[in-house]
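Structures given as structure tokens follow.
What follows is chain A paired twice: with chain B in the first complex and chain C in the second.
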Partner chain A sequence: MGVPMVRITLNQVYAVRDQWSLSASGTFNEGVHLVSGDVGSGKSTLALMMAGLLPLSGGSIEKTGITSGMLSLQFPELHVTGLSVAEECTSWGVDPCKILEAIGLTEKKDISPLSLSRGELTQLHLACVLAKDYDLLLLDEPFSSLDCEEKVKLCARIGQKSQGITIIFTHEQNILPRVTRIWEIVDGTLVDCGTPPNAFQHWHHVPSVIEKLTALGSRPDNISLDDLREAACRIQG
Partner chain B sequence: MQDPRIRIATAAFLSLAAFMSLHGAAAVFLWWLVFTPRLQLAKRIRLVFSLILMIAFFSLVLELFGGGGLSYFTRMTVIVLIGMWLFSEQKSGEFLSIGVWLFGDRAGFELGMVAEMGIQSFVSVTADYDRIRMAEKIKGMHWEVRSLVPAGLVLVHGAIVRAEDTTELLAIRGYQHGGTLCPQFITRPLDIIAGMVAVCILLFALIPVSEFFILYR
Partner chain C sequence: MITAEFLCYRNLAIDALSIKPGITTIIGANGSGKTTFLKLCAGIAVPDSGTLLIDDALPRETETGWVNEFPDRNILFVNVFDEIASPLRFRRIPCDEIDSNVRACAETMGITHLLKRAERELSGGEKVLVSLAAALVHHPKVLVLDEYDSHLDARSLAKIEQGIRTAGADYVIRCTQQMDTAIQSDYLLFIDSGRITHAGTPDLVFPILKDTAYYPVVWGCRWSESH
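So, the complex of A and B:
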């Protein structure tokens, strides 16, 4: 008891590219983690390094109990290997009928995935990625190109995950899932802000709505829409 | 080499010299060894290895069916090395400066801008291809000829989308034709020396060496 089943530890990991650098240390245990940071801060680089797809300039990454992993890249079109939407689903090892029905794209199963809109392609890609359970799931900017309704659905889908490590790398500020731990990249360094709600006081990228609610004396318990609504209701009495 | 005018002219002379004759190619290879960072370049541009492999394939076919494959391989490989050097030394905005310097603010500016966009597109395609290979690894796919079709489609699609975006951006900003630019170039003594050696190599490549030796028989 007390020992997490799966874990990924970054031991003084760093990446250097021309004038830019990133350093990261810390342990990601089971649960949903949020890594926030400005555009260009190194979120994608960190995700690629954690997935083992980018060599480290230094340090090491230790994975414990992780037998399966998945990285969702920021640009879904780069994942495309199928010549039709159905074939694309098959290339992920999932049933096209089930997936396409769930996201309402059944009628487009025979067209090229590149003919879909960016939002539809993102939906398709995320549906395929989330259809399977992985010990380590890395999602790089999963909310980009999605409308509010789809973002809410994605948060609900992530919230349903009961096992493994899910790490969301994003600069999304408004619609987020309930998370176990918050991290951020500040001045080229990964910082562990801690668990919500205490993490909010150390979090540079704290969403403005959380700041306002906290200022009004009703700090939300977490960062999901439900938590924000609950905090807002407390103010109204 | 700092001056892009000398660099591009040098690359043109050397490519011509290497293409024209085997002894020209040998001289160009020596120039490459003396005036470029050599292996550091090869490490930075991985594409060169696949290009050389492709040349090797066509050379083999040529050797088997008509002869001259080895000569073709040598000459083309040296040209690829020169191209690799030229590309690695290229800095953003240089084609625009050269275009304006050569042909003025209207045609020169437009030609330079098109060349800059071409280079930028090549850089983007290379970055996209790297990510596609990563995505294939993520899916547990191994590289095979069949996977080139979707990868090619993605790359072409991406290039078209970017071109459309650029066109819209230019139209929104009211671009019609030409532009003004005051190109500035830095010329170092070593640039001039390397350029002059390249001219000598071109002249050397033009000399029919075999005929020259016949005179002394």
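So, the complex of A and C:
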């Protein structure tokens, strides 16, 4: 028996608010997807709609083979329910000792999660989210506030996921995981840019470092830091 | 000059530091003390011991604009216009002057279309842009920005970088995890566990960080571009 296929399909989904609108069509198959877009373009709105937390103004979303899902909100403070860092871990159904040791926050287990720095709170939140496997994982700005080393660790963790759909909504430009497909929101419409590296040609929000490397004759194969470094090494010899 | 001597507060300890006018960016790990240092510069916190002076004055005696790392914590008012106007209204500036200053600032930040919106309807990035406008609108001497760029796209960042440079603040002190932002600084401070371990221009500091995730790939391309 084969592994069940997972898929989420957006059928002419749209959201409308005053003069602002977003329309989205496309199929997200298993793998890691990146969704980019300008401030206020509708990335978080799309994430909320895909999670079923925001009603659609029109269209439909079809989920196939998805039995578990998680939306990590842009603002980790909105997830907090525990009075202490350890309680916060428990509220996610994970072992505080194991999680806090992994992210180096054991000494802060008794303080309020809201007393952590924003980066530490994001680390805590993502460690709790990523402790479980979900068929559909929606990560809204997961890199925001993480330090560069932690961004690299998060990329590695996402890269270890062997199944399911992971969709990353982000502005991050430099430290990203390898992705299966790139999407972007342009002028109120979700656009499928395709798979890297060919996607770079059509991607309005292509990171400047990829543009620079390509202009220097060394187009990276994908968008991960390793891919960028490898492309830079090809130039520098 | 911003000067610190034998400064101690929470996990932060700085024996001696001088920061010239311009844009200074602080980088380092989560929890290393970046926000703590920014709060001292903004006068939100006062040192347990030692001194921090801005042109020989205490931070609390200095005109300062501040943007919090938690976008929701910057917001005081219901709608965007009132939020940006608030620093001017607190100073009892004439209404027509407030109106023109708010609109000019919103234009610079590219958020004129948001002026009538309720803040609760804004995206995370839009909230940061509004907070930045509110911090800039009264032309502070010191602008303190805590990871303001973590919710902004590259185009917005390029636009507001220009706005920050032309706002007239003598000192911009900011922290970031975006090395593209750090590159555009006059001065970099790298903080590790509450201590400043590297300080200097990007040309001096980035080569020291070459084997770390803080070293921007684009920095390594500069040599290739020039040859």
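The rule we apply is simple: the second predicted complex is superposed on the first by the 232 of 237 C-alpha atoms of A that agree within 3 Å, B and C clash if a C-alpha of one lies under 4 Å from a C-alpha of the other, contacts with A are read in each partner's own complex, and residues count from 1 in each chain.
To be clear about the criterion, contacts are C-beta pairs under 8 Å (C-beta built on N, C-alpha and C of every residue); 3 or more make two chains touch, one makes a residue touch a chain.
Note that the coordinates shown come from a computational prediction; the quantities given were computed from them, not determined experimentally.
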item	value
Chain A as common anchor, with chain B and chain C clashing or fitting	clash
Partner chain in contact with A:171 - chain B first, chain C second, else both or neither	second
Chain A residues touched - chain C or chain B, whichever exceeds	C
Contacts of A:77 with chain B and chain C, given as first, second, both or neither	both
First, second, both or neither for A:148, with chain B first and chain C second	second
First (chain B), second (chain C), both or neither touched by A:208	second
Which superposed partner A:39 touches (first chain B, second chain C, both, neither)	second
Touched partner set for A:53, first chain B, second chain C, both or neither	first
Touching partner for A:110 - first (chain B), second (chain C), both, neither	neither
First (chain B), second (chain C), both or neither touched by A:95	neither
Segment of chain C that clashes with chain B, given the candidates 93-101, 183-191, 201-209 or 219-227	93-101
Contacts on chain A seen with chain B and repeated with chain C across the two complexes	75, 77
Chain C residues within the chain A interface of the complex	27-32, 35, 69-72, 121-126, 129, 147, 150-156, 177-180, 212-214, 216-218, 220-221, 223-225
In the complex, chain A residues that touch chain C	17, 36-40, 43-44, 74-75, 77, 116-120, 122-123, 141, 143-152, 171, 173-175, 205, 207-209, 212-213, 216, 225, 228-229, 232, 235-236
Interfacial residue positions of chain A with respect to chain B in the complex	48, 51, 53, 70-71, 73, 75, 77-83, 91-92, 112, 114
Touching residues (chain side chain B, partner chain A) in the complex	128, 131-132, 134-139, 141, 147, 149-151, 153-154, 157-158
